[in-house]
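Before we start, here is the structure in question, set down as structure tokens.
Think of it as A, B and C in the order they're written, each chain with its own count starting at 1.
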Amino acid sequence: MSRSTPEAAIDPRPLLEIDGLRTWFATRAGTLRAVDGVDLSIGRGEVVGLVGESGSGKSVTGYSIMGLVEPPGHPAGGSIRFDGQELVGMEARALRALRGRRIAMVFQDPMLTLNPVLRIDTQMVEAIRAHEPIAGSRAFERCVEALEAVGIAAARQRLAAYPHELSGGMRQRIAIAIALLNNPELLIADEPTTALDVTLQGQILALVQSLVRRRGTALLWITHDLSVVAGLADRVCVMYAGRIVESGPVDAVLDSPLHPYTRGLIASVPTAAGAGRRLPQLRGHAPTPMELPPGCAFRPRCDRATPECARMPELLPASGSDRQVRCHHPLPAGAPAP
Amino acid sequence: MSARTTAWRETAADFAGSRGALAAAITFAIVVAAAVFAPWLSPQNPYDLAQLDILDSKLPPGSPSSAGFTFLLGSDEQGRDMWSAMLHGLRISLGVGVASTALALTLGTAAGLAAAWRGGWVDALLMRVVDLQLSFPAILVALVLLAVLGQGIDKVVVALVTVQWAYYARTVRASALVEVQRGYIEAARCLALPGLRIVLRHLLPNCLPPLMVVATVQVAHAIALEATLSFLGLGMPATSPSLGLLIANGHAHLLSGKYWISVYPGIALLVTLVAINLAGDRLRDVLDPRGTP
Amino acid sequence: MSVPATTGIPGLAGTNPPTLLELRGIVQRFGAPPGRLAQRLGLARAPHAVLAVDRVDLDIARAEVVGLAGESGCGKSTLARIAAGTLRPSEGTRRWNGRDIAALEGSERIVAELAIQLVFQDAHAALDPRMRVIDQLCEAPVAHRRVDASVAGALGERLLDEVGLDPALGRRYPHQLSGGQRSRVVIARALAVDPQLLVCDEPVAALDVSVQAQVLNLFMGLREARGLSYLFISHDLAVIRHLADRVAIMYLGQLVETAPVRELFARPAHPYTRVLLAEIPDLARRRRTYGGAAGEIPSPLAPPPGCRFHPRCPSATERCRVEPPRLRNVAPGHLAACHLHDAA
């Protein structure tokens, strides 16, 4: 199937629009600003990669969209509009009805989706009937189809199994099948392949890719792995210290990054051409969300930093309307990748 | 500031987060102080028979004594001042409890560490002994031991250590088995450090937190057990009564209205045990958020 | 299936540096075989043990970096522990400079053991949480009387400096450090006893990309400064390609291919190696259509008969299902265990 012509026609209005999202955690040591101003939009059927290192807030962003942030975490501002509906501050019941039906999520650990003491069929039938009043036998047939769609042979036997009887790859496939049971319009994938071996990672990527393409599902793929984003996404958003620092089409961002952090991140990936040579490295390490420097959080590690960077830069359009960067001194557009 | 002081301060702050536990800890501190300073707080040495006057026998609280001071909490059969007897009894009870706990802790920790570190038959042997030990009620084992050994403070301590070390051995082994799997122990082995050094410098310090919780609760057990043994007449000799023996002494007079001989030592024992248990429970919550038993 | 004792290192053509560590016929079983009574009574159920490592031979030469790759459960971490001496193999020998380490005694044994040090994946667990960094660095050199306790502090500070850390960090406890700093401390602690070979078990897998680059650069710098050899274990072939001179690929407890790094990446001889190479991280491959290799790794409890890779192999034949292939030369210094190369 060709990537550029998904069957569902792409509606120009974005499916998901996030503006200035803040999710903070109140801890005894102070306020942890895990997500501190995220702007992000995903079109219908679009595949967006959300890239960041640990502690950048990329997972909390995913959880925030799903309304799954638990205390002491709380929304501290911003808006999340899904198909025009505001999700921040939405009544719990309305949000539950949306979650699992129109927006679904798969996690790094499939056991977050699967209940260890229930058989697979029990959990899946429950997931369907939570949103649709249909007979148990009909729901069961839907489960069989769903497992077959994620490439599980002998689906009926697998449905009678408990999660611990299945391999890690199988569990992740089932978690994906459950997420896609109700044909959601948006799938949020939080590093679902990180814990898996490379061959399994390839299988899961192939599976998710073919399913979202066939159904026209929008996909937000959260990961630390730039190569997965390169291979999978249409657009990429780079997060650093709770904020989006750069976003744009995957080719543009990876070939000529505008933000110094993006460039450093790309240069850190070992390549065939650079084998045996020192990698260009970013100095220092990412600040913890507890001790963010004022202004641009990347400033202490940045070669281009000036006194001006003590003032927080805005995420502004740059180099054409489809790219944005949060930097006072962005790299020249069209500069070659490192 | 070092990590150790920070960690300690955090633990202390967590602990003080519960008012009940804080009150319990303060109560326990007062009890300990009362026991330590008993000779200075009591008007009479209750163990010195020369100071006792049989004419002062079983006087109610507030009565004047023949020696001139007031029996704040009354006197017992032999004319002992209950207040003095209680403070001294508390001293013995706490002393026996702490001493036996310290000894049992040392013995049990050594056994538990040996079992976890050596594994194999050492582990199997030690743990079967522990199982055997724990399969009998502590009070039964202690009674049999004291029946054989006779009375005396040293014998009570021996009996208490015998029935308690197994708890520590089991606790230490369980946490040590987890710790030996961790990378820093493997690193120490890779650095060819001597086994004894790895056990004492690396393994033991990392097994201590759960141990401290068990030890706190076990001090209370030891005190209660000693009181029980003394109450049954197998613990301390009648000349140096602990709280348990004081309660037993007054037991016969309870129905005749002379409640103070039993009730005041009983209250002292109750307050001590409740304070230790409350503080111990809180310590467990603070040190082990997962709440394992 | 033995490998020539000295395998040439690319870039050092003509000189064959001496082999430091030789692993011969290493077998590691987990799970005890049933006792004699159980066997008599017929209670012994097969399979009773997992062959985590199955007859592996591997050499590491002086100043050589050997990359060991494979997916989880292939036995690479077990082999690392055996190489580092923290796990005693069920069968097989480890030779250090030609001498069987198990037969060494006293100070000779300690010298050989200290010469091989382990660098861990989980730097957090690898450091004693209740000991200051500087004390952990100096403990072994002082205990083995390599330095006097009075100058241990200076040694610790020098080590921290060597791995690119501020010596003031020595006063801290491990939990007060960042992940990258802890990784460096683990490396410094291994360096404290002047090793010649570092066995690195996924040392960068838990690190963020930007920190991973720093630590990889540190490994390269240490190799140049100290002439270290590495047995570098990683699931990430891009990392191995970056550092290694020679690569060994493991699958279900067995070595399936070893070759100089350029040779392996240019001409992979084993179908499994080709599968791994197809999934190597690559930023230049945009908007791929993922295919995904067939099948999952079988349980090591019941490995397939014949070639262990045959159920997932696109070119498996009848012979692969019955006859296990042996490692054989397919090119100079390039060994592969695959029947497909018999015809050539």
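As a working rule, contacts are C-beta pairs under 8 Å (C-beta built on N, C-alpha and C of every residue); 3 or more make two chains touch, one makes a residue touch a chain.
Because the structure is predicted, anything quoted here is derived from the model rather than measured.
Peer 1: Answer with line, ring, star, complete or other to describe the graph linking chains that touch.
Peer 2: Drawn as a graph, the chains make an open path, so a line.
Peer 1: Looking at A-C and B-C, which one has the bigger number of contacting C-beta pairs?
Peer 2: Most C-beta pairs in contact, of the two: A-C.
Peer 1: Approximately how many whole Å separate the CA-defined centres of chain A and chain B?
Peer 2: Once rounded, the distance between the two centres reads 55 Å.
Peer 1: Cα centroid separation between chain A and chain C, in whole Å?
Peer 2: Going by mean C-alpha positions, chain A sits 33 Å from chain C.
Peer 1: Using the average of all C-alpha atoms in each chain as its centre, how far is it in Å between chain B and chain C?
Peer 2: Centre-to-centre distance between chain B and chain C: 51 Å.
Peer 1: Could you check chain A for residues that touch two or more other chains and list them?
Peer 2: In chain A, no residue touches at least two other chains, as defined above.
Peer 1: Give the residues of chain B touching no fewer than two other chains, as numbers and ranges.
Peer 2: Residue numbers touching two or more other chains: none in chain B.
Peer 1: Across the complex, what residues on chain A touch chain C?
Peer 2: Per the touch definition, chain A meets chain C at residues 1, 3, 53-54, 167, 169-170, 197-207, 209, 224-228, 230-234, 250-251, 254, 264-272, 274-276, 278-283, 285-286.
Peer 1: Which chain C residues qualify as touching chain A in the complex?
Peer 2: 71-72, 178-181, 208-214, 216-217, 220-221, 235-239, 241-243, 261, 265, 275-276, 278-293, 296-297
Peer 1: So in the complex, which bits of chain C are touching chain B?
Peer 2: Within the complex, chain C contacts chain B at residues 81, 84-86, 110, 113-114, 117-118, 120, 122-123, 125-132, 139-140, 143-144, 171-173, 175-176, 186, 189, 193.
Peer 1: Under the touch definition given earlier, write down the residues of chain B that touch chain C in their complex.
Peer 2: Listed in rising order, the residues are 2-4, 182-184, 186-194, 197, 201-202, 205-206.
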